[in-house]
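The two complexes that follow have chain A in common; it is paired with chain B in the first and with chain C in the second.
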Partner chain A sequence: MIAKEIILAKLDSRFLPHVTFNDQICQVNAEGLHYRDLNSLLRTLDSHGVEKVELHSVCGQRYIGTDLKTGMAIEIYGTPGNDLAAFMNGPYITVYGNAQDCVANTMNEGKVVVHGRAGDITCYGMRGGKVFIRDDIGARAGIHMKEYMDKKPYLVVGGTAMDFLGEYMAGGVLLVLGLNLKGDEPHKARFVGTGMHAGVIYVRGNVAHMGKEVKMVDVEKSDMLTIEGLVREFCGYFKTDFEEILSKKFMKIVPYSHRPYGRIYAY
Partner chain B sequence: MNELDNKFINPFNQDKDFAGCSIFGMMSLEGKRFSSEDPIKAISNMHDRSNGLGGGFAVYGIYPDFKDYYALHIMYLSKDAKEKTDRVLASCFNIIYDEEMQTKAAKVVDPPLLWRYFVEPKKRRSPNLPEDECVIQAVMRINTETGKAFVFSSGKDMGVFKGVGYPEDIAEYFCLEDYYGYLWSCHGRFPTNTPGWWGGAHPFNILDWTVVHNGELSSYGINRRYLEMYGYKCTLQTDTEVLAYAVDLLMRRQRLPIEVVSQILAAPFWSEIDSAEPKRCNVLRALRQTYGSLLMNGPFSVIVAHHGEMIGLTDRVKLRPLIAATRGNMLYLSSEEAAIRLVSPQLDKLWAPRGGEPVIGRVGDKKIVGSAVKVEEPQ
Partner chain C sequence: MKSYLPVDFIVERDESKCIRCKVCVNQCTYETHNYDAQDDVIRSKDENCVNCQRCVTMCPTHALSIKKNLGPFRDNANWSSEVIKDIKKQAETGGVLLTGMGADKPYLTYWERLLLNASQVTNPSIDPLREPMEIRTYLGAKPDALEIEFEDGDIDLKTKLAPQLILETPIMFSAMSYGAISLNVHESLARAAMRAGTYFNTGEGGLDSRLYKYGERAIVQVASGRFGVHSSYLNAGAAIEIKIGQGAKPGIGGHLPGEKVTEDIARTRMIPVGTDALSPAPQHDIYSIEDLRQLIYALKEATNYSKPVSVKIAAVHNVAAIASGIVRAGADIIALDGVRGSTGAAPKVIRDNVGIPIELAIASVDQRLRDEGIRNKASIVAAGGFRSSGDIVKAIALGADAVYVATAALIALGCTVCQKCYTGKCPWGIATSDPWISKRVNPEIGAERLVNLLRGWSMEIKEIMGGMGINAIESLRGNRLHLRGVNMTDTELKILGVKMAGE
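Right after this comes the complex of A and B.
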């Protein structure tokens, strides 16, 4: 139980018109709130043990969820600004709308589910956690994504991706389902996996053009286990048909080498 | 945020926001004029993308009572410059009407003297020269002659308003609430490596062509030298200026369609040209050979406008953001989706154009050109 009176008493007075409590859920009207204020408010709520926050009328506020370290659930209605969930370390964000550029920038842990599209450089330098996007994503998704020991980031995209998917990828898993592609239409993305040297990209269907550092191979049994797990979770969020998604062939894109530029710089 | 919070979160008291410029364009496909309310609201929603060192607006369909005359907006950094410039103007043009531009107190930095003229070129001076060329020659002459006078708007029935401040402050300074237009393009500036001064704010203009730009043209030097051969003199100390002149040269003077121009400004890679079908390959090759010096290198997203047309374009590898959307007869282009949603929460269609592929809206044509990766409305 949270004592909402205590929390309200601790809040800066300028936030009070924006905040109401409905049972255990904290509802915030973000209209007219600057991103610094909004994130400061979220930090305060997070540090007082609020478990669920609804943000309404969000319109372009950046960095939502940054710096939060608990498993707080944040529901966003509207259009969150750039760097949603940047450096986030635990919360579970659901967006009812589209997200802009740089979702999950350097995110460490937690989850982001977007009921819409996401912009360029989604999951830039992401280090852990999961991101699910229902529709398309912009250019350079998964750029510089990395993994280390038990930290492994995942990005699942229901639609298709734009150019430079998985650029300079250094770890983690990208899964692009292309559910809005018709028949055998390939993903239009060009330069997929340019500079990639670790991690894996799974695509349902084919891609138009790949970078020279990667190759496309058939999926193995262990890959299918990963894919099935992610697709099942995806279907849970977006109410899509699991069997239908699995009925089409998946391919795997992996780098030729873990040190593609080793020869350029080595002595 | 209380003091303690702030010390913990922001120990070095850094107040700087790291951002890029913001661009926003809004156009009525029926050519119906509307007020500045929505464009200002949208561009100021992206306040944090700019840093107060430049903001501006281009408005089309703004002077219906003077639509047959060129409207010159000129900034004077000194009184002498005005006297000298007035003599140049009097020798080239019949001045139909002139006045100091209407302004009011706002948070802008060091405003220069701003003057507006409605003019028509004197025919007898150079009977064989088209009127547009007379105007360009006069603009280049004024911009280079004193170093203190700059024409920042020179089209018919359109106007550019720009200066040093945030876009919403510039709008207030120029009393934009009094103006109506069917196409507005707006800019908030975050200058990176050129000075933030009144002439350097966007939009950049020549005749009725305007450009607002987010990014950096690292090819500025080579573009500038190429354009000088055609009489364009770059005096505004900012990379975007070359783009405005390049578009004027290619689209107005050489009458190339935007579909071709976009292949010049954001040319495909040689590897893509080589793998294109033979006929297309030849065309693309010819374009790169002819117009190599007009390739805009570096990251950019731009909104180019002239009467009846608004064009959004990004660099070929999509290093800057651009979102397009339609609602009824409105076409929106923006750096961020949130700015569009603020003025039109419901949209018919929203998409992110691919790198190097233009989005084109034309008055009287409800079909928007642009490869639309169609996106369903979020529920």
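Right after this comes the complex of A and C.
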């Protein structure tokens, strides 16, 4: 149980008109709040054990979810700004709307679910946690994603991706479903997996153009287990039909080598 | 393919002095020396020798010396032996020539052409042995004005100050990543920074968990590969540095080859053992000053505005305009790395041809920021081949707040600048991730050598300041009246903002 009177008493007076409590849920009207103030408010709520926050009328505020210490659940109504969940370490963010660029930049732990689309460089250098985007994502998604031991990042996209998907990818899992592609239409992204040297990209359907460092192979049974688990979770968030998604063939894109540039020097 | 490459060096062994102790055999990581038990003789493979002087230094009877192979090519000012050998090497491998350390050519260095002032008759010099001499330096944004409130005789500072780094001497250790250098070297630098009251820079390879205890004296770096970057790393350091570029290889990224990614390095970088660690030059979230601002503030948000954020760039043609943008983007510190800056590995053609001298970069950036009235918003840290306290004093007089040194620090630890850092087999135990070779640097002894160097240089800086009649480094910063130039054109003097000697 949180003591909302104590929390309200601790808040800077300029935040008071923006904050109300509905049972255990803290509702924040983000209209007119600068990102620095909004994030400072979230830090205060986080440090007082608030477990669930609803942010209403969000309009372009950056860095939401950064520097929070707990697994706070944040529901965002509106459009959060760039670097949503940057360096995030635990929270669970749901966006009812579109997200902008750099979602989950260098994210370490936690979850982001976007009921809409996301912009460029989604999941740059992400190393843990999960990101689900209902619609399309922009260019260079999953760039520099990496994994180490039990740290493994996942990005699941319902729509399709733009160029340089999985560039320099060094670990983790990308799954692109292409639910908005018609018939046999391939994913239009070019240079998929350029510079990739670890991790895996799963695509439902075909890809128009890939980087020279990767190859496309058939999925195996173990891959399907991973895919099914992620698709089931995806369907849970976005109320989509599991069987229909699984009815189309999945392919797997993997790098030829863990050392793509091992032979370029004259020693 | 038969190699047409002649040997670079010739090992000479005085058989009358050699006692077959095999120290040279054990010390050479390039396997130059071999003991032949049958004949009881040590033979040397000259083609393996890099002239690092490890065996020469360690030989107890001084039986060894290394000579440069002066032949076999005919003297030619254009087609030097180095040029001929490089072409042959590329003809045999089809690869990019790799090198280590800073540019080794007689590049335009301005330090020798800048001379310092001293007091004579008309103003007194100060004896630093007897009088207080302030060289403490604060790095970070300074306010435009101070608002002070007087209340009942008490003075209260109303202005909220931005976070600062506090240096007891204006010399820090430059970014060198764990992986490029060994853990023992990182720890030597960390301990020395703690004791001397300055800072070391983690480089872009993360900070090993065993060194978090030195975090208060660490500048943690964030580069395009984001290796080992997470919230506890960002919060462990005293400041965060975004690495855009490096003087030894402007426009070129970093690349730690998979064979150097051992278990310890994999854990710190958070990548699997044996995979290449790629840090390409472009940070694909930064295509503009506005994008840079986005990352600067992402890092400030991630650390709740408690630490200064630095942006490091290579000194290139439009450095002054770029620096102005960086300051406007919100950086608290701007680090400039000149053309003579060092590296663990860089394509030779880039190292030797790209960038501009740090002297010109300091002067033009300082001037530009002053002209625009934003010099107080960020501190300037200069890097790129500082060899002595004299170079450092001149840099500060040109407008730098502090300097980064790396090569000098490694020389203090044993480095002989053989330029083979990229092989990972450094016989001095510095540029290696091999746990056996790394033991050659003891962090305690290493720290002592580094602290000694900083102490010596700091005393010299105070001596020079005292001679000028200056007792605080604040009075030296950007004080170009204390510099005079020799052997320079009018344009060079103008860019450096100094008068000709005799003027």
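Going forward, the second predicted complex is superposed on the first by the 264 of 267 C-alpha atoms of A that agree within 3 Å, B and C clash if a C-alpha of one lies under 4 Å from a C-alpha of the other, contacts with A are read in each partner's own complex, and residues count from 1 in each chain.
One rule holds in what follows: contacts are C-beta pairs under 8 Å (C-beta built on N, C-alpha and C of every residue); 3 or more make two chains touch, one makes a residue touch a chain.
Note that this is a predicted model, so its numbers are computed, not measured.
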Chain B versus chain C as contact partner of A:G78, first or second or both or neither: first
Chain B versus chain C as contact partner of A:M162, first or second or both or neither: first
Which of chain B and chain C A:D67 touches, first, second, both or neither: both
Contacts of A:R43 with chain B and chain C, given as first, second, both or neither: both
Touched partner set for A:D135, first chain B, second chain C, both or neither: first
Partner chain(s) touched by A:D12 [first = chain B, second = chain C, both, neither]: first
Partner chain(s) touched by A:K151 [first = chain B, second = chain C, both, neither]: second
First (chain B), second (chain C), both or neither touched by A:Y96: first
Contact residues of chain A, present in both the chain B and the chain C interface: 35-36, 43, 62, 67, 82, 101, 140
Of all residues in chain C, those that touch chain A in their complex: 89-90, 92-98, 224-226, 229-231, 234, 255, 257-258, 266-267, 269-272, 274-276, 278, 280, 284-285, 294, 297-299, 301-304, 422-423
Residue ranges of chain A touching chain B (in the complex, touch as defined): 12, 35-37, 40, 43-44, 59-60, 62, 67, 78-82, 96-98, 100-101, 115-117, 119-120, 135-136, 138-140, 159-160, 162-164, 180, 188, 191
Touch list for chain B against partner chain A, complex: 1-2, 5, 9, 45-46, 48, 317-318, 321, 323, 336-339, 341-342, 350, 352, 354-355, 373-376, 378-379
Chain A to chain C touching residues, read off their complex: 35-36, 39, 43, 62-63, 66-67, 82-83, 86-87, 89, 101-102, 105-106, 108, 121, 124-125, 127, 140, 143-144, 146-148, 151, 167-168, 170-171, 195, 197-198, 258-267
